[in-house]
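There are structures below to look over.
In the two complexes below, chain A is the common chain; its partner is chain B in one and chain C in the other.
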Partner chain A sequence: MNTADFSFCYNGQALGLDGLPLLSPASFRMAVLRAVAEGARISALFGMPEEHPGVKAPGGAAGQGAIRLVAVLACDAEAQLAVATTLAGTSYEALTPECPQACWFEREINEQWNVLPEGHPWLKPIRFHRPYAANQPEHKPCIGVTDFFRVGGPEIHEVAVGPVHAGIIEPGHFRFQCHGEEVKHLEISLGYQHRGIEQALAGGPDTRTMHYMETLAGDTTVGHSLAYCQAMEALAGCRVSPRSLALRGIALELERAANHAGDLGALAGDVGFLPTAAYCGRIRGDFLNMTALLCGSRFGRTMIRPGGVSFDCEEQRAAELLSRLKKAARDSAGAVNLLWETPSVMARFENTGAVARGTAEDLGLVGPAARACGLVRDARYNFPSGIFRFAQIPVATEAAGDVFARAYVRWLELQRSLEFIENQIQRMPSGDSAAELKAPAADSLAVSLVEGWRGEICHVAVTDSRGRFIRYKIVDPSFHNWFGLAIAMRNQQISDFPLCNKSFNLSYCGHDL
Partner chain B sequence: MQAAVFTNLALGLVLAPLLSGIINRTKAAVAGRKGQPLLQAYFDIYKNLRKGAVYSTTASWLFRAGPVVGLAAAVAALCIVPASGSAAALAFAGDLVLFAYVLGLARFFTVLAALDTGSSFEGMGASREVFFAALAEPALLAGLATVARKTGTLSLTEMISTASANSPELVLVLAALGIVFLCENCRIPFDDPTTHLELTMIHEVMVLDHSGPDFAFIQYGAALKAWVLGSLIVGILLPAFSSSRPLMLACFVGAMFLLAVTVGLIESGMARLRLLRVPQLLAAASALSVFAFMLVVR
Partner chain C sequence: MLKILFASARQGYQTSAYPKADPPLPDRFRGLPVIDRTHCTSGCRLCIDACPAAALSGGAVLDLGRCLFCGACERVCPSGTIKFSQDYRLSTGKREHLVMGNETLALAAALDKKSRSLFGRSLKLRQVSAGGCNACEADTNVLSTVGWDLGRFGIQFVASPRHADGLLITGPVSNNMLSALKKTYDAVAWPKLVIAVGACAVSGGLYRGLPDVNNGADQVLPVDLYVPGCPPHPLTILDGLLRLLGKI
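After this line comes the complex of A and B, so read on.
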């Protein structure tokens, strides 16, 4: 990695926009490709309108503002984030052919800003909305109407699932190319949940911003609101009190515990194993109720605010939380360990939907899906911020990369999270729970990473000369991992798809934004 | 004699949907839940009977014939299988072959109706159903042949009244029939009756497009099929130990309910098999039946 091509920062640190190196498209491409080849991975890659009208893109069309491409690379080993930018005209040479993890990012750039990544192998809409850039033709694409990859041959049949599903889940379209029961290829087409959140955030922050964060993926309320608050605190140069950090950590880990417990139960349900399915559903509720004990909302809404937390936890409630936690820990051990002890369950979990470690690296997977492939990839460990600078949580990994590994990583993390919460409650620092927040700095870029329960949440806030957002980029872990699910299904039984899907448990609305 | 035949028929027609209620309540009890009402299957059938049916414009008469033939075949099977120690409504030498293929006819029409919709899901389900049925049929037929050879008769009524489970051959046959019972009735470990995931279904995915009274016929037909196969197992297991009709009736119904509880317990304790492994279990059932047959012809 050529350090001159990048600006470096730590998680939750702001950079001045003027200090960012502005590379030529060719050297931007080279710099990113080289960094990724040396072990960095793309946390975010997005376009944003160039604020200064004087800057004109090379070859840019008249009347169209230049689009600045920003790459945020996570260098896990150095615990640093590298930011590089370039000005793209109407087109640039795509990164995807040499760097598969850029695939969906470049499709997104193309859709949002009408910038063509030349040589992109599978360029098609990702959310089916009108381009963000002004003076575009008023042509609204029809969601899901696009070319799908087809496998040829008289014995191949195609199975289309969704966007309306049999269960109460979010909409998404899955197109399988099957040979008998075997899946040759799966293509995932999303966009049905697109609400235009990123566009609505531009020009902020305002009174609505916080609520967008809390609802952009409802099951990751704490994760996304924490990422937003960290970004705002970085821009405002705010110091958060240790007590708030501890309470935020507790809320984040409770969210992880609730979702991991729910996932383990749902995995059991998908293989028809009743005991774990029935009990984990209840235990998930117990964890959600603990979050409600903290802030009155089962999903942690209103808990986290820029500068601190809105609810303190006095001793009486801390004691109540601790006793409920211990009970839930016992209950979940009883319910979940049944999974590993039951041969018929293990026969379903093992060797189903395996992703090789190298593939996971190439695709830039994050979260439990990456750790199940043996990758030590955890923002709490690699990019510690907030409470995780003081209280480390061991990274849980497994080697096999299959459904069992993803389930077992969840179980290990659930236990570590409960231990962490217990420690935090017992050693809660005293002090205020909220701090004054100044206005965000002007002309700055702040990157905030949070390890949500699904994986790395990346928020990038870029402000203009008045301290308003020119662009607020949100990368939900699902955005990295959906393609991993498609790859995991290769040469698998189509009847195992629900199980594989559940083992990833990705967000539709977090992806669609 | 006539009265006993009618009692048996009425018993099957009335009590068949209760079995699924007992299975579900057993599962709920094991999982610590309250569970659905015992009579839920009756409510569902009644609800569907009152609804209108929706037909695809591309579906032909086959699609409408499927549920009707399925229910008719199930009732026919009910007439062939004796229950509670008395003769069946329809008994003649060789009726066991008719029994096996009346069930086959029902499946044939269900599969045709599924293929008629042109849906990729239903085609997939039809393919799975036919594959597994082809493997379950030898287990059933070889099992029945063993009992026929053992008792020296080709009529189910006489076979079951003279058979008793105290010989090793019949124990093997009972094990094979138990596996066939689970497979034919879409229970775990073969199929998960509670799943909503089309991609994993076997039998249910074939009837996704049926609605209203057609679907009620299918549900009722499935309940009757479970009752018929169950009474076959109970019949072989339960010798005619008493000449008292009420006592025999009570024992028979109690044994049927016990069978449902057993199914509920099996479903509570294990996960569903991977679809690839299903043929292996069915082949094992066939092996048991064939081995039992070799024991009796030796």
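After this line comes the complex of A and C, so read on.
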């Protein structure tokens, strides 16, 4: 990695826009490719309208639709984030052929800004919406109407599933190319949940901004709220009180515990093992109710606000939380350990939907899906912010990369989250739980990473000369991982799809925004 | 097998006693707002400006169908006009009933006798998420767990619209789900019910007015039950369903 090509920052640190290196498209490409080859990951890669007067896009006039590409790379080993930018013009040479993890990002850039990544191997809409760029030709894409990858041959058949699925679940479209029972390839086509959040955020922050964050992905309310607040605090230069940091950590880990417990139950349900399915469905609710004990909402709505938290946890409440936590820990151990002791469950979990470690690295997977392939990739450990600077949670990994590994990583994390919450309650720092927040700094860029229960949440806030968002980029962990699910299904039986899908349990709305 | 039996004994009986007894709600739970306009100052716009969902209009008239239950109005109001209570019963049969003027909230009435004879003992619903954030979906899903055991009321979520008596819709109805939602509705046999769950499905909620959404289910389909909240508590959803069936 050539350090002159990048600006470096820590998680939750703001950079001045003027200081960001503006590379030529060719050197931007080389810089990102080289850094990724040396072990960095793409946390975010996006376009934004160029507002700086006097800066000219190649072949375009100043201020007339010039799009600046921003790459945010995570250097896990150095705990640093590297930011590079370039002006793209109407096209640039795609990164994807040499760097598969750029694939969905470049499709997104193309769809949002009509900038063509030349040589992209599978360029097609990702959310099926009109382009953001104001002066671009209007085209009305039709959801799901696009080319799908097809496997040829007289014995190949195609199975199309969705957008509306059987069960209470969000919509998405899946195309399987099958040879008998065996899936040769799965193509995942999303966008059904697109609400236009990123566009609605431009020009903010305002009274709605925080609520958009809380409803980006309802099951990750705390994760996304926290990522937003960290970004705002970086832009405003605000220090959050230790008590608030502890309470935020508790809320984040409760969210993880609830979702991991729910997933373990659902995995049990998908292999027809009903005891754990029944117990965990209820235990998940116990964790949600603990979050409601803190803030009144089972999903942590209104809990986290820029500068701190909205609700304190007085002594009596902490004691109640602790006693419920201990009971839930016992209940989950009793429910979940049945899975590992039941041969019929293990026979279905093991060697199903395996992703090789190298593949996970190439695709830039995050969260439990990456850790199940043996990758030590956890923002709480690699890019500690907030309470995780003071209280570390060991990273849980497994080697096999299959459904079992993804399930077992969840179980390890659930236990460690509960231990962490218990420690935090017992050692809760005193002091205020809220702080006044100043206005966000002008002409700045802040990167905020949070390890949500699905994996790395990346928010990038870019402000204009008045401190308003020119661009607020959100990368839900699902955006990295959907392609991982497609790869996990290769050479699997199509009947294993529900199980594989649940073992990733990715967000549709978090992806579609 | 023995281990499973032991585990089952340790987990115990977990189904809520509702509707015989109300399960405890957390003290910070924000339910039905109680509006007392005695001290509300005319010309004061604090609550209106603080509301992220444009749910409030002059004189503290609150549209419960848009409300996110975030409590921002309660916090900024200097005269204590709006206070969120612990009352979880929020569902109405008509959209206009959710606009809270001076009268008390008219909770949903039971279906007519003929519909009740059709659906009262067995109601099968197909859930469609049309731009929902997965919170309403999750708290609807939870009703089928052992904690709530929705099946004891004769209500069940089914996998096909062909098996369903109605739709339960969440989300503001994104443009990209419009056609799929209509097709799912068409696939349900007559007579059929439509239930809108959550601020988004009731009114568009926070997403109302964005170009990529359609401001709620009733912009597209006739709605029989509105369940406000962001998301509604499982108890609020269950209360609405049981009211519709005339069971409470």
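Keep in mind that, in the parts below, the second predicted complex is superposed on the first by the 508 of 513 C-alpha atoms of A that agree within 3 Å, B and C clash if a C-alpha of one lies under 4 Å from a C-alpha of the other, contacts with A are read in each partner's own complex, and residues count from 1 in each chain.
To be clear about the criterion, a contact is a pair of C-beta atoms (placed from the backbone, for glycine too) under 8 Å apart; a residue touches a chain by one contact, two chains touch by 3 or more.
This one's a predicted model, so the numbers in the text were calculated from it and none came from an experiment.
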After superposition on the shared chain, which partner residues are touched by A:Ile494: those of chain B (first), chain C (second), both, or neither?
-> first
Now for A:Gln193: first (chain B), second (chain C), both, or neither, which partner does it touch?
-> second
Looking at the overlay, what does A:Arg348 touch: chain B (first), chain C (second), both, or neither?
-> first
Classify the contacts of A:Tyr212 with the two partner chains as first (chain B alone), second (chain C alone), both, or neither.
-> second
In the superposed model, does chain B or chain C contact more residues of chain A?
-> C
Pick one for A:Pro275: touches chain B only (first), chain C only (second), both, or neither.
-> both
Once the shared chain is lined up, is A:Ala335 touching chain B (first), chain C (second), both, or neither of them?
-> second
Which of chain B and chain C A:Asp263 touches, first, second, both or neither | neither
Touched partner set for A:Gly167, first chain B, second chain C, both or neither | both
Where on chain A do the contacts from chain B and from chain C line up?
-> 166-167, 275, 278-279, 342
Residues of chain C touching chain A in the complex = 3-4, 7-8, 10-11, 14, 26-30, 49-53, 68-72, 126-142, 144-147, 157, 159-161, 171-172, 174-177, 179-180, 184, 206-207, 210-213, 230-231, 233
Chain A to chain B touching residues, read off their complex | 157-161, 166-167, 180-181, 268, 270-275, 277-279, 342, 344-345, 347-348, 352, 493-498
The residues of chain B that touch chain A in their complex are 27, 30-33, 120-121, 123-124, 127-128, 188-189, 192, 194-200, 267-277
Can you check the complex and tell me which residues of chain A touch chain C?
-> 127-129, 143, 163-164, 166-171, 191-196, 199-200, 207-208, 210-212, 215-219, 221, 275, 278-279, 281-282, 284-285, 288-289, 292-299, 301-302, 311, 331, 334-335, 338, 341-342, 507-509, 512
